[in-house]
Amino acid sequence: MLPDQIQLAPNGPSLSRIVAGTMTWGEWGAKLSTNEMAELIGTCLDNGITTFDHADIYGHYSTESDFGEALAALGSSVRGSLQLVSKCGIRLVTARRPENRVKSYDTSKEYIIKSAERSLSNLRTDYLDVFLIHRPDTLMDPVEVAEAFQELKDSGKVLHFGVSNFTPSQFELLNDHFPLVTNQVECNPLHSDLLFDGTFDQLLRRQLKPMIWSPLGGKRYFNGESTIVLRLRDAVRMIAKKHDTTENVILLAWLLKHPSGMLPVVGTTKAERLVEARAALGVDLDRQDWFVILEAARGAEVA
Amino acid sequence: MLPDQIQLAPNGPSLSRIVAGTMTWGEWGAKLSTNEMAELIGTCLDNGITTFDHADIYGHYSTESDFGEALAALGSSVRGSLQLVSKCGIRLVTARRPENRVKSYDTSKEYIIKSAERSLSNLRTDYLDVFLIHRPDTLMDPVEVAEAFQELKDSGKVLHFGVSNFTPSQFELLNDHFPLVTNQVECNPLHSDLLFDGTFDQLLRRQLKPMIWSPLGGKRYFNGESTIVLRLRDAVRMIAKKHDTTENVILLAWLLKHPSGMLPVVGTTKAERLVEARAALGVDLDRQDWFVILEAARGAEVA
Amino acid sequence: MLPDQIQLAPNGPSLSRIVAGTMTWGEWGAKLSTNEMAELIGTCLDNGITTFDHADIYGHYSTESDFGEALAALGSSVRGSLQLVSKCGIRLVTARRPENRVKSYDTSKEYIIKSAERSLSNLRTDYLDVFLIHRPDTLMDPVEVAEAFQELKDSGKVLHFGVSNFTPSQFELLNDHFPLVTNQVECNPLHSDLLFDGTFDQLLRRQLKPMIWSPLGGKRYFNGESTIVLRLRDAVRMIAKKHDTTENVILLAWLLKHPSGMLPVVGTTKAERLVEARAALGVDLDRQDWFVILEAARGAEVA
């Protein structure tokens, strides 16, 4: 049984190994009421899922604030029991941000600081545990980003900093200027290229744990009808049966088996799915079964 | 307004931010007379464009010598007011080099030294400010190249060394053996892959400024009829209108906005175009407009 | 004339520049008898080919043992005159390993140590000169591999360690934890991508020599009928004629010309081919001829 908590980096925060992803809690998905959100937060905490992953843009810039109301409803004592991760840097075109004319990135010092402050205000909290640059900005000036991070750290508004969807080269550039604690990237059997392109090699070398978005493969896995998806689901079901568990658990266990120490960000709003996710910590996949899944998803045996 | 001059590397030379590219000044293009070249050099110098980019092969090994005659006509006092960049390492098949049987690369010590000496003689000068390996040679022995560079430096024939069209890995290999001051690469909205592949990340990390060839996108931009080109030109025109300037200026400003500190090598032989290029130093593109151009050229919004 | 022996790494072993590859000596090819193998080993040694390249899987886990019987027949004094390289980490599905259910990788500490010990027993020897991880294992834990290597080194069972088919990033990850002496990779004119992707740049930077499998291009070169193969063979033949030698020799000389110091692993079981291979040490290809071969194989002149 893997522990419920994991340290993200040598000087990084302890997060729960299974992270609750909030992207679909609000306007972009289940549209949970304040009460429902508060209840879901409680279920997470009761099940060792103490870390909540946000981004300013979720729900077209509305979900952080919905979540903040639920947090407030739970009372101020709850903040110390959980960790909040958020992200900034994407400008979405939406009525809520009339100044945005084109989907684009902004990692200027001013924009990063303003984004963090808005997230704090929306989440009704004094600090973020981890703050990430959401996408690699072609115009990123690492000196400027480092200045923004330092200012947010010095003021106590953010404790740790990282990135999301960065290539190893982009990560290295920013990490030269400010120590990062994670790179949150997409990985699942249907999206496995990062297992081969050096992204995880880099994090392993630096003893940084990756956070993983879309750990189950999303709709493509569950609704896909392609030969590859059908074969993959057969393979996963067979292994799930062997472990007397569900496909979801096996897909998470597949990620947890990787030596980099992945933290899957589970995006469901269903309480039973979150409880189930934690069960993956107890499944140690056999190496050969791991490759059965990889082979099914890639459509070819290894070289 | 960006300064007219920029330091290429921590211990590197100061070059003009806008560089005049000579590839089409001679046989491969406008076939300027000695007088015309002398006049064009004068126009450049009068407009803060003090750096001239050459390669031994331009005009099938003839343009350096044409330019050298123009330099001589301007008198010996002019040399101190300008910087000469040249390149070696490509063997072209041409009647002027009967020993060349196949287009190929040569970065042997002997070939590099001989090439530099020929460039000095053709350009009628005692030294080159910067000397580049034109293309990554699969057979490059970094020890041998470093020996050639050191010999050329010790003799005062070349002040600084760099490369062109190198991948980050090739750059790192040679830079381990001899400190390089730049990597001259192609970049423009229609050729933007290097913005994502680590080339500029590496230069930023090392505080080296890239020189940029084909900064406008060449004929493909100006004569292209594809959907992408038409859309890109619409976007650039719209932004040019907003700044009350030309498409050329906007395309250069797009490069100048990048945090790596790019030096566009402008290849025109028209005096008014060179003067116009300098105007780009005064245009600070809005970040969103920068992404409007990127999106138009790549045919998709950012992720 | 290049020397018969070459040092693989600053603190690495001396191997013969031409290595005999045993993949097809047994069940996967010529099915040589013990006497025939012993004779072929003798021919190699008589011709300066003192290094023999194995992998546990060759002949579905049978060729090491066939070779071991031949070695035993040659008497114990022969061991000091030759070097044995082997590899582990691939699980093949075969009746000889009923525990293997899917072609997969295993680089667990236990599996590596057990594999080395089996290779020693099969080869009837006390030590391996070099032991390689055969393929990059997505689940490789570098700490665990380093522990296995250290234990094998401390016990004197293996003198040096390396990898095969690793990307630069994967190599760097493991090399951080244990000093590697080589990366054995595929390279020939029809498989030349590694000349451009940084694999050899990395080895050059670290002064490690690559071992090269399939140095001639295998059946594709000799039996191929595509335009590219026909053009390549024409080019190679023309150059062979000029040097009064064979296509094989030119193909090997093409690799030996590379500054990284490649050690071709020659896979033939024909004595005359092995003797012939050594002749490549005496052929110093002209740089332009090298590019004639590259251009023919890639179907385009260099940029």
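Labels A, B and C are assigned to the chains in the order they are written; within every chain, residues are numbered from 1.
By definition in this document, contacts are C-beta pairs under 8 Å (C-beta built on N, C-alpha and C of every residue); 3 or more make two chains touch, one makes a residue touch a chain.
Which protein is which chain? UniProt says A, B, C = Oxidoreductase.
The structure displayed is predicted, hence computed values, not measured ones.
If the chains shown are joined wherever they touch, the resulting network links each chain directly to all the rest.
For the pair chain B and chain C, the fraction of shared interface numbers is less than half, so the two copies use mostly different residues to meet. Centroids built from CA atoms put chain C at 42 Å from chain B. Residue positions 168 of chain A are each in touch with at least two other chains. Residues 168, 195-198, 201-202, 204-205, 257-259, 287-288, 290-292, 294-295, 301-303 of chain A are the ones that touch chain C when the two sit in their complex.
By the touch criterion stated above, chain B contacts chain C in their complex at residues 91, 100-106, 108, 135-136, 138-142, 144, 165, 167-170, 172-173, 176.
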